[in-house]
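Dropping the structures in below, format is structure tokens.
Two complexes, one shared chain (chain A), two partners (chain B, chain C).
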Partner chain A sequence: MHISEGVLSAPVLVSGAVIAVAGCAIGLKKIDYDHIVHVAMLAAVFFVASLIHVNIGPSSAHLILNGIIGLLLGFAAFPAIFIALLLQAVFFQYGGLTVLGANVVIMALPAVMVHYLFLPLLGKSPRLSIAAGALSGAGAIFLSSLILSAALWLTEKNFFETCVLVMAANIPIMIIEGIVTGFCVTFLLKVYPEIIPGQKNGNTSDRKSRIEKGQKNEV
Partner chain B sequence: MIEEKFAFGNSMIHGLSPAVRIVSAGVLSSCAALCDNLYMSGAYLGIALVLCCMAKLNWKDVLLRLKPVFWFLLMIWIVLPLTFDGEVLFKYGILEFTRPGIELCAKITVKSVSILLMFTALIATMSIASLGNGLHRIHVPDKMVFLLLMSYRYIAVIQEEYHRLLRAAKFRGFVPGTNLHSYKTFAYLAGMLFVRASLRARRVHNAMLCRGFHRKFYTLDLYQPNVLNTVFLTGTCLAGVALVLFERVWM
Partner chain C sequence: MKYKALWVLCVLICLVAAKDVSAHKVIVFAWVEDGMIHTESSFGSKKKAKDCPIQVIDEKGTVVHEGVTDDQGNYVFKIPDQVDSDLVIRLDAGTGHSATWKLSHDELVTPGDENHLAASMEEKQKFESGPSPLKIMGGIGIIFLLALLTGYLRKKKKTHD
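And then the complex of A and B:
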């Protein structure tokens, strides 16, 4: 979900850039050097996810996954998404320099919001986890398209019909991101819970003991 | 799939220091984004074209690179003239094409193409390593530069990982379609990418610590202080400011 260059007005671009810089500053402050490689790696996954195309009927859409990036990284999603979008701009020319701030806000602000809204619900029960995952995936896309529409509307009140079109076009994406994020979160909870912040059975020694326990039970 | 087509070349732009190019691109594209007049935005398009010539870019590659933008522009040319209120320029059945809508489309087209051409000429003409170097020179936080270089390094690896997983799924008879099973497969595939990336991050971090990493990368590209850098930076900044002032005062 990108806004192209040349569309937004100067005040919207400037406020987008200011929010993006503030978010990145908070995010960078929260990353310490022991976790920075992890954040960089997840930024790379976020970039690659945008190359994964899933079918919707005769057409196809690429995954966005800003919901799950938000769940996993919190405020660190701001710098991670900034980096991914900058690399996309350099490689594929999706957007240029001036709209980068606005695009970072469109993707990263919803990510941070779903982190604080839905992360506490993960791991409570399998049903609750899949619901929270689905809601964070769909919610992140919903909020992204809402911010995008707001940016367009603040630029020019005449863009209202375009905003409605944008929201409508994003409904199938919301559904798919919801499904994918829901399953992805349950997968991560089962396979590698330590990647999700705040999961208690997180560290490896626990995992080892759980595996041993499982083996004992089988015997 | 990911290639830096323009990153290596032999032109005046390629010889400039990355920091100078980043700052000039920032200044010029901000000025172009502030512009609110169709004729003035033509001036920025002129500057962008001159920059592309200075970088000796291959025009065919440039056009291919702008393809996503052209799709976007095509979409707005379809939507905006019909949905905008204002004086009707011409009618076709029930479809009314309004003058402000068409003017706005033209303005967006010229502005977006010129900003993207500036980006291509000034930023896409450097490798990501040089981009990191330039960002460091203009005092972007070290952590941000680190993130940029590290993600760039591992994008190809993770993409390879994705292709491997997809190939494995296809060998097991997976055919992507519009159904829950496909979405579930892609979700597990993305989940596996996160798992492998996180495990790899741990290994890489440990390996870096073993090699004595202490929070800094060193660059091998040394850009000699060159009078051309100063001239170029002054020129672009003056051109940008002059055009903004001209628009404010006379238009």
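And then the complex of A and C:
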């Protein structure tokens, strides 16, 4: 999903950088003090998940996890994904620095979109939650593929052909991410619902509520 | 039980179907041997870039040669005639993935000795090596350091207000 250096035209790179900076600014503004550790944790997950390639026989696959990151962080996914991609570009030469903005938009914008599309469905019923989680995972990859195709189209002008190639290459990842995200959401709803915005105490106040609970127990 | 089997089946199908999914790091490596330019293209050391177009571009930006990699990600061709500049080998691995490798003019006109070839191979291995655990841990460390710094600055700001 990382676009390499030298592929996109200058206007696409500049537009990507501008959108990425705007997204990061909004994201940073929206992160509150209690939420910072979650953002760092998910940025680290994204950083590592993109590195792990699972080889089984002749095949190989890797996770992106922008769906679950978007569900949990909303706009804060922008700075989280930006930092992870920046470190990947510097340390491992994945993607590149000039194309960083475009890569951030390709992975973070769908994350924010699935947050607003599927978060309201979580916690309503177990089946709906797993479906919403799975759709978030698969949907984020689908939207990322669409933005990637558009970025390549704006450079090469053959949208349909590019789109078909990108979608075909990413269908297996969509399905894997759908399954993984569906399970992750179900697991988190059971063991740590506070991390999901809007669930029980929501992630912005879970620390305060725990402190309050602790104080009550002490009394 | 029926559903569990279905899940396992889905995962297996995906993993088998995922064989053509491109990885992040695209590499093309080239060296000169016996008057021929040898190229090797891969997505990291194990996964080869098969059937990918290769372009050879001179300093003026003119494409002087074109070809396609084989099943092993290799492509070998004769040094183009009348080359008077460095050459850039450009691999197009599709869907936004590309890589380049520069061959200097000296390398093209001087017959390569064994030492030079060994140095090139060492460079290739270094280039193809995967991420080291130290770099991965370093990256995670930097992320948490940044989070600590942001937290500290936010707290300081709150205290000021």
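Convention: the second predicted complex is superposed on the first by the 186 of 219 C-alpha atoms of A that agree within 3 Å, B and C clash if a C-alpha of one lies under 4 Å from a C-alpha of the other, contacts with A are read in each partner's own complex, and residues count from 1 in each chain.
In this text, a contact is a pair of C-beta atoms (placed from the backbone, for glycine too) under 8 Å apart; a residue touches a chain by one contact, two chains touch by 3 or more.
Source: prediction; values computed, not measured.
Engineer: Examine A:Leu51 and indicate which partner it touches, taking first as chain B and second as chain C; both and neither are also allowed.
Structural biologist: Both chain B and chain C are touched by A:Leu51.
Engineer: Check the residue A:Leu148 against both partner chains and state whether it touches chain B (first), chain C (second), both, or neither.
Structural biologist: second
Engineer: Going by the contact rule stated at the top, is it chain B or chain C that touches a larger number of residues on chain A?
Structural biologist: Touching more residues of chain A than the other partner does is B.
Engineer: Would you sort A:Thr98 into first (chain B), second (chain C), both or neither based on which partner it touches?
Structural biologist: Only chain B is touched by A:Thr98; chain C is not.
Engineer: Does chain B (first) or chain C (second) touch A:Gln88, or do both, or does neither?
Structural biologist: A:Gln88 sits against chain C, while chain B stays out of touch.
Engineer: Return first, second, both or neither, reflecting whether A:Ser125 touches chain B, chain C, both chains, or no partner chain.
Structural biologist: In the superposition, A:Ser125 touches no partner, neither chain B nor chain C.
Engineer: In the superposed arrangement, does A:Asn170 touch chain B (first), chain C (second), both or neither?
Structural biologist: second
Engineer: Touching A:Ala43, do we find chain B (first), chain C (second), both, or neither?
Structural biologist: A:Ala43 sits against chain B and chain C alike.
Engineer: Under the contact definition given at the top, report the residues of chain A touching chain B in one complex and chain C in the other.
Structural biologist: Touching chain B and chain C on chain A: residues 4-8, 31, 33, 36-37, 39-40, 43-44, 47-48, 51, 54-57, 83-84, 87, 91-94, 162, 165, 176, 179.
Engineer: Provide the residue numbers of chain B that touch chain A in the complex, in ascending order.
Structural biologist: It is residues 1-4, 25-26, 29-30, 32-34, 65-66, 68-69, 72-73, 76, 79-80, 83-85, 100-101, 104, 107-113, 115-116, 118-120, 123-124, 128, 131, 141, 143-144, 146-148, 150-152, 154-155, 157-159, 162, 176-178, 180, 182-184, 186-195, 197-198, 200-202, 204-205, 208, 215 of chain B that touch chain A.
Engineer: In the complex of these two chains, what residues of chain A are touching chain C?
Structural biologist: So the residues of chain A in touch with chain C come to 1-8, 31-33, 36-37, 39-40, 43-44, 47-48, 50-51, 53-62, 83-84, 87-88, 91-95, 148, 151-152, 162, 165-166, 169-173, 175-176, 179.
Engineer: Chain A touches which residues of chain C in the complex?
Structural biologist: Residue positions touching the partner: 7, 10-11, 13-26, 44, 46-47, 94-100, 131, 135-136, 138-140, 142-144, 146-147, 150-151, 154-155, 158.
Engineer: Mind listing the chain A positions that touch chain B in their complex?
Structural biologist: 4-8, 10, 13, 24, 28, 31, 33-34, 36-45, 47-49, 51-52, 54-57, 63, 65, 68, 72, 79-80, 82-84, 86-87, 89-94, 96-99, 156, 158, 161-162, 165, 176, 179-184, 187-188, 191-192, 195
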